[in-house]
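Pasting the structures here.
Note that chain A is present in both complexes that follow, paired respectively with chain B and with chain C.
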Partner chain A sequence: MRNSIAIAIFTLREGLKQRIIIGLSLAALIMLTSGVMISGFFMRDISKIVVDLALSVASAGGLMVPFFVGINMLAGDIEKRTIFTIMAQPVSRWHYVIGKYIGLSILTLIVILFLASLGLASIWVGKLMYGPVFFKKFSMKSYLVAVFFNYWGTNVLLSLVVMWSSITTSSFLSFLLTLASYLIGNTLDDIVSFVNTNAPNNPMEETIQTAVIYLQYAVPNLSAFDLKLPVAHGIATSVEEAAVLVSYGAACITFILMISILTFNRRNIA
Partner chain B sequence: MPDNIIIEVKSLSKRYSAGLFQKKKEALKCVSLQVLSGEVFGIVGSNGAGKSTLIKSLTGLLKPCFGTVFINGISPVDAASRKMIGFLPENPCLYQNLTITDHFRFISRVNGLDSALTAERVKVLLNQVRLSEAARTPLRKFSKGMIQRAALACALFADPEILILDEPMSGLDPLGRQLVVDLIYEYHRQGKTILFCSHILTDVERMCDRIGIMDEGEMKSVINAGELSNMIEHTGKTGQGATPLESYFLNLVGAQ
Partner chain C sequence: MKRCLLPCIIGLFALILSVLTTESVHYIRERHSHEVLTRISDLPASLLKASVLEFHGVSADLLLLKTFTWVGMKIGVGADLTREEWKQLAGIIDRITDLDRRFWDPYLFAEMMLTWQGGMVEEANRLLIKASEANPDDYRPLYFLGFNEFYFRKDAARAAPFLRQAALKPGAPGFLKGLAARFSLYGRQTLAGIIFLKGLIKQTTDEKTKKYLQKRLETLEIINMLENAVTSYKEKFGHSPKTIHDLVTDEIIQYVPKDPYGGEFILLKNGSVYTTSGLINHDRSRNTKERPGNLSSK
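Our next item is the complex of A and B:
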């Protein structure tokens, strides 16, 4: 595990020095500031708009890590052959996979925490500007729970980045496959409920129904981790629901990382 | 069979699938090789001869299709084998946003070196590769020669028993080349084993105890550097103005 931690620290160091992180922070600052101003136009929904925007910025910022930094630092590592620097050392391939994952996960945590703090600051400014009466429904606990599950969902996506980067040989392909997994993972709930409605005027082919049913077990349901809307409406997440989500995420991450290690162990690095 | 074999390659074959139709290409054809402890072993060959493939198989980056490789009795699949190896890849790519010191710290961590030893090695190596002034500069600001020297320092950092260098002189100016030659001699004096490949035959001839000549994925010949002149006398043919190794190489690979 010492080697994985060394790789994680090395990855984090490299990740924090990526220029995209600075650009991301600036963009988030501009969005949140303008968000507080714009929310004044929606008098009865000020709280909803500010909270939703704060969580959306944290979520979008968190997504930048797997899509841009993560793919660049995993598939790009093999493509640019910087991986030789690590693999020439006495580290196993599973150390590399786990180390990279942990490093990127910590980087995601830092980015999300930073953006969530900026979001909290924007809520506070909103309270000062428009008065606390508009923020009665806002619950700090729900906000933090939503931030945590945003992080947890991004971790599942990160594990998919690791898997696709272990399988493919190009960062572009890895990006496309991650994007496809993200889109499927986020629309899966809607597709499954659409298939289950079984509208009498529009009967669904049995093959499609079966395919969708299997697909929901094959692709992680990323939309399950999105708690922005309930928090914006002041709806709390139950402990049971949170426990199920944590376990589901952990199971997905473990399974996907295991596939990544198995694949990465077999591949040539050249 | 000598008992001080430190690198042993037996019937190593490597086949690649390349292109749209996954056409098979045989990069290594039943290569066997023994490198003795403390010697400088050079591998020469024209482009595409399989030198880099052989070196990547020794470091565990490539999985052989057939045959075995042992580094001091340990398979390269086992990470422990790389504890003994310092590897300089061809056209090395280091992490551009980090500094050379960041790279050293990482190598120190994975090799379990203590902080006092790390600090000492950082100082000595930066001095040796003449990068002391650039210790805190991100590598994206380095020239090609500086990157090559930085990568060489990374290979030497954990003070490995075996140095595997893939084209160590490429991209270096005459001063840089001399620095690499001096380092190789220095490590040879310390009793380390050095295996390097190059297609600059003069470099190989002046530094190596034994030389392996590769062509089209095969190890055509392994010769003692001291016996080169005698061998040329026997074969008779020499290239115009060519060194003994150049003449031997040209005879062997049939370019004359």
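Our next item is the complex of A and C:
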């Protein structure tokens, strides 16, 4: 385990060296400032607009880690042969996989917490500008719960990055597969409801319907971790819901990482 | 060669500047953004939800902002929306509220625009029912449903149950209970309009919108006063006045106030008072100035 922690710290340092936080904070500042201004154009739901944007910025920023830093560091390690430097040390392959995952997960946590704090600052500015009467529904506790589940959902995506990078030979392919998993994971619920609706002007083939129904159990449901809308409307998540989501996320991460370790152990990286 | 370089750079710079400041780009953008916006209403709700991934809330916000801009631009240049555009507007608001069913602003926008400006009470009511289902603890959708039934459809019997339901919701203003009871007894549309507008003005902070609503309120208050005068006339003389000016001749009122919209008050056969302006400015140039600036209020 000590080896995994060493790799995690190394990964985190490498990630921070890419100055992702500086770029993201600049983009977040521009978006959040304009968001606070734009929310003034709305009639009643000013807090909803500001909270929506604050959580969306944290969410979008968090996605940068698996998509850009994660793939670059995992698939890129193999592609550029830098993995041999690590493998030359007395480190087993599963240590490498777990270490990389933990390092990227901590980096994601830092990015999301940083952006969520900027989001909180924008809510505070919004309160000052438009008055607390428009922010009656805002709950700090719910906001933090949404931020946590955003992080938890991104962790599931990170485990998918690790899995695809363990299976494929190029970072581009790994990126495409992660993107596909993200798209399917986020749209699955809506596609299932669309298929089940079976509108008269949209006749669906039975095979497509069956495929979609089975697919919803094969791919992690990433949209389940999205609590942005309820929080923006001041609706709290119950303890039971939170427990289900934590367990679901933990099960997904464990299962996907197990597959990643098994695949990576059998892989010829020479 | 060096002599030519400076004029060439200046010429190129001037050319770039003229291209960058051309209005045509904005017109192209406006036309296309409108086309994209209006086509959204044709998309199935689940497909739209799938296409915005996990960003439902922000997408709904952005779409509503674009809708405000589109309608605001139309009103700003004094152009009315066509029948087809009103339908598209109702469709867009439907899609926005599919993305975020609890988002109150699009419902309020529909209530302000579809009923008063577009004459689409049925569409507005359908959206308000959707709002009351999405926000079961909110009195506002039921309140507006009651208002629409009473004021636009002239059906007090259908309005009263909505208002009674609204009055029982948490945070409902106290006057709703009395209003619900009174609506069951009387059929004064003008009074309903006054109460509605007073509530709306109370919620509005944008000065332009407030001024716009104040003018409408002022007109409705005059109509209400004239209708009360007609009732007094009937009680005094035992019959209705033939024209509105009989109220002045027979000393019920001192003078007939001017219609702030530039029309004339007339007496209908059923005893109610109407204005030839129809609460729309006769002067077009004045009209565009007095419409709410960005259609937003707080």
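Heads up, the rule we're going with is that the second predicted complex is superposed on the first by the 258 of 270 C-alpha atoms of A that agree within 3 Å, B and C clash if a C-alpha of one lies under 4 Å from a C-alpha of the other, contacts with A are read in each partner's own complex, and residues count from 1 in each chain.
By definition in this document, a residue touches a chain if its C-beta (ideal position, glycine included) is under 8 Å from a C-beta of that chain, and two chains touch if they have at least 3 such contacts.
Just so you know, these numbers come straight off a predicted model, no measurement behind them.
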Counting only touches as set out at the top, which of chain B and chain C does A:81 meet: first, second, both, neither?
-> first
Considering only the touch criterion stated at the top, classify A:194 as touching first (chain B), second (chain C), both, or neither.
-> second
Using the superposition on chain A described above, determine whether A:3 touches chain B (first), chain C (second), both, or neither.
-> first
Mind working out whether A:89 is in touch with chain B, chain C, both or neither, as first, second, both or neither?
-> first
Chain A residues touched - chain C or chain B, whichever exceeds | C
Between chain B (first) and chain C (second), which does A:14 come into contact with in this model arrangement: first, second, both, or neither?
-> first
Is A:266 touching the first partner chain B, the second partner chain C, both, or neither of them?
-> first
List of chain C residues in touch with chain A within their complex | 44, 46-47, 49-51, 53-58, 61, 64-65, 68, 100, 102-105, 108-109, 203, 294, 296-298
Of all residues in chain B, which touch chain A in the complex?
-> 53, 56, 59-63, 79-83, 85-87, 89, 91-95, 97-98, 102-103, 106-107, 109-112, 138, 151, 154-155, 158
Would you pull the chain A residues touching chain C in the complex into a rising list?
-> 38, 40-46, 48-49, 52-53, 55-56, 59-60, 130, 134, 182-183, 186-187, 190-191, 193-194, 197, 199, 202, 222-223, 226, 228-229, 232-233
Seen from chain A, its contact residues with chain B in the complex are 2-3, 5-7, 9-10, 13-14, 17-18, 80-82, 84-92, 95, 266, 268-270
